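Please go over the structures that come below.
Below, chain A partners chain B and then partners chain C, in two separate complexes.
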Partner chain A sequence: MILAQVVLNGFLMGAVYALFSSGLTLIWGMMNVVNFAHGDFVMIAMYVAFVVFTALHLGPVFFVPAAAMLLFLLGVTVYFGLVRHVMRGPMLAQILGTFGLALVLRYATLWIFTANFVSLPENLLGDVVTFAGLRLEPSRVAAGIAALALTIGLHLLLTRTALGSRLLAVAEDRNAAMLVGIRPDPMQALAWGLGAACTGVAGALIALFFYISPLVGESLALIAFVVVCLGGFGSVPGALVAGLTIGVVESLTSFWIGPAFKDVVVFVLFLGVLWFRPQGLLGKA
Partner chain B sequence: MKITRRPLLAAPALMLAGRAQAQGAPIKVGTLLPLTGVAASAGNSAKAAIELAVELVNTPRPDLASMPLMATTGFPAIGGRPLEVVIADQQGSPSVAQNQALRLITQERVVALTNGYQSGLAQTASAIAERHGIPYVNGESVATNLTERGFRWFFRTTPIGPDIAAIYVEFLKAARIDGRPVSKIAIVNENTEYGTSIADVIRRTAEQGGISIELQIPYAANSADVSAQVLQLKGAQPDVVIFISYTSDAILYARTMRAQGYRPPILIGDNSGFSDDNFVQTAGDIAQGLINRSAFDPSRPGSNSFKINALYKARTGREMDDTTARMMQGFLVACDAINRAGSTQPAAIQAALRATDLSADQLMIGYRGVKFDDKGQNTKASVLLVQLRGREYVSVWPTETATAQLQLPYKGWE
Partner chain C sequence: MSAQIAARALTRGVGNLVLGVLALAALLCWPLLVDNVFYQRIGALVMLSALSASAWNLVGGYAGQISIGHVLFFGCGAYASLLGYTWFEWAPMVGAPVGIALSLLLATIVGTPTLRLKGHYFSMATIALAELARIIVVNSPVLGGGVGVSGPALPRSMADLSFISPVPYYYIFGGVLAVLLLFTWQMSRSRMGYYLRAIRGQERAARSLGVPAPRFKLYALLVSAGFTSLAGSLYATMVGFVDPDSGFGILLSVKMVIAAALGGAGTLFGPLVGAALLVPLEEFTNAMFGGGGTGITYVVYGAIIVFISRFAPGGLAEILTRLQAWRARRAG
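After this line comes the complex of A and B, so read on.
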């Protein structure tokens, strides 16, 4: 019974990993820009949720869309204000550019909100439910469902709509896309906006069960990069599969071998997958 | 309106104070704190306390006259020169701590270093101080080996591993006498110097006392998820669980235990994370009955602890927690030694530290005093056990000094 709970918790945590990696998949996997500020985007979204809840007394129904919208704006702003310019520079400029952005966001938040930990009240979505002897936290289940919905939504957007085709075209070959009449700038900006908005949804939902602090992005960011790599660059369903896999592997390793070793097992698995499938689990070669 | 004559009486004192304003170039003390990184909340709490300490040293505070340097201005034995603190962020990284210590010594020319917070970081930073022959006073890091390295420039005021292990084991033995089962004990510790060393010393002390540790789970403090550990405990059903954690992981444990519906009969949360006011405010409500150690009890009006806590609260809006209090006390001991040295020469300060003999009423914390042994460890440090009630810790053990009755079993969220 306990083992079943361990696997279930791993799945739910994995869904959370997939959820906050979805935005990164779009930006990194498709635009080929490594957004080092990704973890801090999640953190900003958590604070949006916190502020909307404490200052305006509005629940998740309001603060999740609010975080999505604000982060969309942040994503677009970051694209026009920073990324568009650094993309013309060498690779290193891109890396340091978004890394600098991460530090600015992190320490601006530290300055405004101090380093203190805050959190939303527990059980904002209701108390723990016991189902067939398994304990389910509604907030984590909601995050899991959202991860699934976002993944499917993004996947459909990219593969079934004209807009998605345009996004993909720009991602694949900017010049060729321009030749067929697609202006790359709005598309790239849209990708940043959408990516950031997904991150916004993720952050706001994670805030339901996680502590909030200006430095929380640090503990979440690394895993997002691994998820995107493992799932395959640009593959939205890949991120979901990878997130769930990592969640369950971590959980089982912690339970059987010990929590201090969970990263080792995850990264050995990661390296193993890269060895045989460098394009990632569901990436295209 | 009630008319008070206090302000009138205070006026001449203030005029004197104005004249006795600190003179000369400030004397710099370097302080290493985790202002960023996972321990940032603790570091920033401590920063406020250190800044308060500087203000108290530099302005006359007759109300705190029983403590050294409080009634006077600056360092009276060094021509009244004011105190200046240079606070450096060690970012929770041992190598940064080392670089910052080097910078403070060689560029800022501090006369002494203090604090450090994480044991592993105090360890690397104090090695730099030792090499440069600069006194290092630590008030909070508890890993035993810090004072077992044969260092001549390192001094520590806090109770350490063996003191802490001793009180936990005595408490568990007493609980056993009361008829509570304490045969199965689990230790869950973060896996750096602090968690590992405290876990080891608790294990040794417990085994000497005839209590065996059945399960030990080391984990990384920056984990994003701790549910597997909680389920492991749930499966093993120990009588007592002892957590040794920093703040973010302590909060996660409390929340995850609530989510998984797990409550051990006795839950001990060792200091750092569990003492942090951030833990008490964000997770205190679901960790009722948690037992912790402390040396700081600000509940008695008129005591130095009470007054310092009030000043701190006026400044930050928060209660001073035990770790912050121990950090501030360590810093004040360093200042007192500099003054008694009568000079800014490192050797003179080192000699003054060796000669330190403060009594309980000269402190802002509940130690029996401060007097260092040859290794630089305070021999008069002491510790008591407190229990979380509402959003406050009350002292419950040893019973002679307790202000409240111990309540078992652990309640958690009910």
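After this line comes the complex of A and C, so read on.
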């Protein structure tokens, strides 16, 4: 019974991992740009949730969309202000640019909010419910289900709509897409906006049950990198499967070995997959 | 006409030579010109940072395989030195070969599978391994845990290489850097240098011409890892203390990349130039805005990096070419 509880908690956390990793994989797969500020996007969204809640006393119904909109704007701004120019340089310039951005976001937040850990009240969405012997924390359940739905929604948007087809066309071949009349610039800006908005929602959802600190993005970014590599670059279903796997693996490791070692197992798993299936679980060879 | 061109080439050659000699003289005399310990310390830190950035440059610049986990090797060197002292009372540099051996082993483990692949796999695997090392060290009391390990508090003999003044370190680091740069220069003119540049330019084409790409990428990584580990041991010798963040922190890896990229990745002196700009920048912003954990230093530092990558994605080399083009336009 305890094991079922552990797996469930891991699954719910994994769904949130899947959502913010989908944001990263969308940008990564479309433009082959690695956003090193991705974890800090999550962190910013967490602070948006915190500020909206403490200053305006508004609940998740308000702060989740607020985080999504603000992060969408941030993503588009970063694309037009930085990434578009950085892309004409070598790959090193992308690492430099996005990492510099990460430093600015992370330490500006540290300067404003100090290094203290903060969190939202645990029972924001109500008290723990016991169902069939499982303890269900409403905040985790809501976050997990919302994240799962949004990840699937993003996948449907990419594969079932004309807009998604245009996005994927630019990802596949920029020049060919231009030949058939798709302007790549707005599409790439949209990819940044969408990717960041997904990250924003995920951040606001994590904030429901996770500690908030300016440096929290660092470890979350590493998880996102692992999820994207495991799932295959640019693959949203891959990110979903890999995110859920990582969540459950982390949870089981914490239970069996100890919480300090959960990342050890995740990274060892990652290196193991690189040895045997480098294109990722669902990636194309 | 041709005499004019020859004369111009000659003056440029002589000019470059004079400039080179002046730069070398300035490097050799720097600690003697300033008698302020703060500046002398910055000098030593520049040399150390240039050393690790130049080591990174072998695999990241020449071979074009961007490692973002090079701190893994740096940490191995630093920890091997100080753990050698803690466990066996060795002089810190005695542990250096152990650190190098461990680094070569880890480089083989991470490099063998990922260097066969294209794209970001190598970068991601290096980050993962470095972070893995950091977590393991934090959770192992034998390795100092989260607190870290210290070197000898007082020098027991000359072998400890423990000095109060930063000047001896400046020359030690500079000497090792000179060896590395000499090696890099030799390599860049050898078969391996051409292979690596071919791989960086277009790996598929290089392979189709018979370049054993994975093997040579691995060679570059091994040499690079060895020198980075040595830099870590030297750092530990100077500072006499290392903890998980100063030994395996991800920020350190990125600083190596940034120094090399700023000065020009894949050029001989690029990492030295980059380090000579970045280290003083960091030390001065620290001194101006104060450490104190407010983080303003890193905001300034990050903003400058963003600014550089936004307006000159090719690093300083790009700025120089643009400047030359501008001067040529104005003259012509």
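Note that in this section the second predicted complex is superposed on the first by the 279 of 285 C-alpha atoms of A that agree within 3 Å, B and C clash if a C-alpha of one lies under 4 Å from a C-alpha of the other, contacts with A are read in each partner's own complex, and residues count from 1 in each chain.
What we mean here is this: contacts are C-beta pairs under 8 Å (C-beta built on N, C-alpha and C of every residue); 3 or more make two chains touch, one makes a residue touch a chain.
Since this is a predicted model, take the numbers as computed values, not measurements.
S.K.: Using the overlay on chain A, decide if chain B and chain C clash or can fit next to each other.
M.R.: Partners clash after overlay.
S.K.: Contacts for A:E218 in the overlay, against chain B (first) and chain C (second): which applies, first, second, both or neither?
M.R.: The answer is both, since A:E218 touches chain B and chain C.
S.K.: Quick check for you: in the superposed arrangement, does A:R135 touch first (chain B), second (chain C), both or neither?
M.R.: First partner only.
S.K.: For A:A260, is the partner it touches chain B (first), chain C (second), both, or none of the two (neither)?
M.R.: Touch partners of A:A260: chain B and chain C.
S.K.: Based on the superposed arrangement, let me know which partner A:I182 touches: chain B (first), chain C (second), both, or neither?
M.R.: The answer is neither, since A:I182 touches no partner chain.
S.K.: After lining up the shared chain so the two structures overlap, which partner does A:S251 touch, if you call chain B first and chain C second: first, second, both or neither?
M.R.: In the superposition, A:S251 contacts chain B only.
S.K.: For A:L148, using the defined touch cut-off, is the partner it touches chain B, chain C, both, or neither? Pick first, second, both or neither.
M.R.: After superposition on chain A, A:L148 lies in contact with neither partner.
S.K.: Using the touch definition from the top, say if A:N9 reaches chain B (first), chain C (second), both or neither.
M.R.: After superposing on A, A:N9 lies in contact with chain B but is clear of chain C.
S.K.: Go through the superposed model and pick first if A:F117 touches only chain B, second if only chain C, both, or neither.
M.R.: first
S.K.: Once chain A of both complexes is superposed, is A:A169 in touch with chain B (first), chain C (second), both, or neither?
M.R.: A:A169 sits against neither chain B nor chain C.
S.K.: Mind checking 207-215, 243-251 or 297-305? I need the stretch of chain C that runs into chain B in the superposition.
M.R.: 243-251
S.K.: Output the chain A positions appearing in both contact lists, the one against chain B and the one against chain C.
M.R.: 107, 110, 115, 214, 218, 260, 263
S.K.: Can you name the residues of chain C that touch chain A in the complex?
M.R.: It comes out as residues 60, 66, 68, 110, 113-114, 116-117, 119-121, 123-125, 127-129, 131-132, 135-136, 138-139, 250, 254, 257-258, 261-262, 265, 293-299, 301-311, 313-315, 318.
S.K.: Show me the residue ranges of chain A that touch chain C in the complex, using the header's touch definition.
M.R.: These residues of chain A touch chain C: 28, 32, 34, 81-82, 85-86, 88-97, 99-104, 106-108, 110-111, 115, 214, 218, 222, 225-226, 229, 233, 260-261, 263-264, 267-268, 270-271, 274-275, 278.
S.K.: Would you pull the chain A residues touching chain B in the complex into a rising list?
M.R.: Those in contact with chain B are residues 2, 5-6, 9-10, 13, 107, 110, 114-119, 122, 128, 135, 137, 209-211, 213-216, 218-220, 223, 250-255, 258-260, 262-263.
S.K.: Which positions of chain B touch chain A when the two form their complex?
M.R.: Residues 35-38, 40-41, 43-44, 191, 217-220, 222-229, 231-232, 234-235, 247-248, 251-252, 255, 258-261, 278-279, 281-283, 286 of chain B touch chain A in their complex.
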